[in-house]
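Chain IDs A, B, C and D follow the sequence of writing; residue 1 opens each chain.
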Amino acid sequence: MVEETNIATISMSQQFSAALKRDLLLSFRRKSDLFNPLIFFLMVATLFPLGVSPEPTFLADVAPGVVWVAALLATLLSLDGMFRSDYDDGTLEQMLLSPQPLMIVCLAKTLAHWMTTGLPLTLMSPLLGVMLFLPSDAMLGLVLSLLIGTPTLSFIGAIGAALTVGLKKGGILISLLVLPLYIPVLIFGSGAVQAAVAGLPIGGYLALLGAGLALGFVLAPLATSAAVRVSVSG
Amino acid sequence: MNPKRKQRLALVLLLVVGVSVAVGLALYALNQNINLFYSPTQIVGGEAPKDTRIRAGGMVVEGSVKRDQESLRVQFAMTDYAEEVLVEYTGILPDLFREGQGIVAQGAIDGNGVFQAVEVLAKHDENYMPPEVAEALEAAGKMPKPAEEVFNK
Amino acid sequence: MSKPLLAVTDLFCEREERILFDGLAFSLKQGEVMQIEGRNGSGKTTLLRILSGLSAQYEGSIEWRGESVDNVRDEFLADLLYFGHQPGVKGMLTPQENLRWYCALHPALQRSKIDEALGVVGLTGYEDVPCHSLSAGQNRRVSLARLYMNQAPLWILDEPFTAIDKKGVAAMEQLLLDHAQRGGSVILTTHHDLAAQQGVVKVNLDSF
Amino acid sequence: MPEKKWMPRWFYQLASPKWCYQITGKLLPIFAWLALLCLGVGIVWALAFAPPDYQQGNSFRIMYLHVPAAILAQSCYMLMAIAGAIGLIWKMKVADMAAFAAAPIGASMAVLALATGAIWGKPTWGSWWVWDARLTSMLILLFLYLGVMALYAAMENPNTAAKAASILSLVGLVNIPIIKYSVEWWNTLHQPATFKLTEKPAMPVEMWLPLLIMVIGFYCFFAVSLMMRLRNEILRREKRASWVRELIVSQ
């Protein structure tokens, strides 16, 4: 005899860690996913001295903005893959059919995305800082601002990726949807680095980035899961 | 409580916690001077960093504007009715620039404590009035002056 | 007579300005196997997606154990096993890892039965091979192994026999009949002629 | 989403495309005349009779276009997002259509606000474009509109497109407070909100009254264009419905 109702025996935290492990495992199996954004990050930063001026004082001036813009673009580039491959092979629709809230999986996927793009970018940023003659006093500010700011980029980006996953050419559309929402993060992020360069306290900027992160953490998975449902049902 | 209700409750709690953390952090941030905007009092008091790009705002002191005859160089004093700071600027000033007008300047403080502006913008106040009214007010000495606290943020 | 497990009334679906079905009605009882028939493009896959809750592009009512499925979504999903048009297998993961992930998603799947299920579908020895190096049929078998791991009251299967060899199909058919025997219900689409004609209810979409 | 039945009756009536089509048909001429009247009176008053500003002279008159356009660009976004939310929660088709109809109108208002802002900025601040908080926020608002419109355009199924765009506009709604409070945040030179409903405006009556009339006129104009677009959209999406067929046959 078949049981009347299967009682949910998996807790939300178990599902969360399973989803996180799965996505991390997938990124590590596909090394290019892991390294391409980093290489892109490096290349974009190289373009500025070549395209504008190799003058150290000038580069030091623009470094906070350049590193932040490069990090933002590298994140943007990696967004399309967040749900795309799961959508293509049908695993995404299976996630929708879990009796557990989809939000949990979305949160885990977003965090996995950050751990494989935002976090490596943050760790690599001092290298770019050196290349762009960013004063060494400002390195800590750069790393801290990226550490708090890049998860927000992943959270916002996840919404865009989820909205466009059902479309064949989602890549450019993601940028259109997500970039305007990234602007506040960019402003406060590069502002923090600029303040660090000037030797000013950066607590206020980091607090604002943190506020954005807190909002993103609680609101973005909601929007992302709703968007995934819409995209898969279309 | 059934698991569904529990989930909802957890979600609502999470939302409340997240939003309050965000609000708390934002309030903390607003208490910091994060716009790099300084008043003449702060500049004279040494609060503003030297040789870094900052923004400063104040009123142009009456009779302080000196224009260089050969170049576009202008020097004037800026005040918040407490302290004065000398400002130097090379370039075309906006139409609304005049003595007694509120301005916002971007630039850096040099070694002599003079504000070297790279940009001067007129901050026009929100009092719109016809010219006759302005003349009458001027004559009576009742022309509204921008509140001091505007420059003491 | 007990109330039906799944009751569909007056279902209407339109896709790209074309009406796929209108006024579709049927009900599925416990222990029933239902085959959805129809030409290519008649909306079989769409219907299965609607029934499973993946698509909301319909009008009409779907009731699960006598209640609107929208109101009992979680209970419904806990009782459902869906095999979609896409097998839902990650190429970068091994069969075992794929099934473990399914177990994390779905409490009805029994983790302890993974190895046994892989054995039954003929994938012994492939447990640690990434799925992208397996054949299409083997990939579908990975996903079908889920059928051996759970007792969910409702199975919705979209073309489960595609790319499966004859022997495999016979075993699968037997599995479906066994499931029905135990009181489970199955809705499936297939172009394959089912050997067992008895006890299979047919719904033809061309007539709606 | 479970269907809820606790909203007032008119709310559900509004959900009927047919009822909505009929009621907007009746309201349309009223708003059209109101818009014409307000805009006509407002423009003549603002351009010819309102006194010039003592500092800015006549250039301040562009405010009579700039301020209403900016206000409308923001409230249109609110409307779009709220309509989208209603469409998402109560699965109300008309709300989806209203959100769809509002997007391009809001975008054009944002463009108008930016353009008039630039023209106003030249004599006032000395440059066409100033990267101040309000102008930048308005630009971001325009980008948000463009994103929503791009999403509508990219999706073939109108129902899916409506849902996706609603989610996006709700997410974008988080940006509205940033726009509102950006003046305080970045303390820039753009004047504080010229028109506050709670305080006495810092303008004499003969200056702000035409502004008020212009704002009302813009709202009426917005209502007119929204209703016209909505009616088109209703007909397009409901073309299978019998009442639409009858309507077309009778014309």
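Just so it is clear, a contact is a pair of C-beta atoms (placed from the backbone, for glycine too) under 8 Å apart; a residue touches a chain by one contact, two chains touch by 3 or more.
The structure presented is a predicted model; accordingly, all values stated were derived computationally and were not measured.
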More contacts between chains, A-D or A-C: A-C
Length of the line joining the C-alpha centres of chain A and chain B, rounded to whole Å: 34
Inter-centroid spacing, chain D versus chain A (mean Cα positions, whole Å): 32
Rounded Å distance between chain B and chain C, as computed from the means of their C-alpha atoms: 66
Per-residue overlap in chain B, given as positions that touch at least 2 other chains: 30
Residues of chain A touching at least two other chains: 8, 215, 219, 233-234
Numbers and ranges of chain D residues touching at least 2 other chains: 157, 159-160
Arrangement of touching chains [line / ring / star / complete / other]: other
Of chain A, residues touching chain D in the complex: 156, 159, 163-164, 166-167, 173, 176-177, 179-181, 183-184, 215, 219, 223, 226-227, 230-231, 233-234
Interfacial residue positions of chain D with respect to chain B in the complex: 51-56, 60, 123-127, 130, 184-189, 191-192, 194, 202-204, 206-207
Contacting residues of chain D [partner chain A, same complex]: 88, 136, 140, 143-144, 146-147, 150-151, 154-155, 157, 159-160, 163-164, 167-168, 170-172, 174-175, 178
Residues of chain C touching chain D in the complex: 16, 57, 68, 70-71
Contact footprint of chain C on chain D as seen in their complex: 1-3, 156-157, 159-160
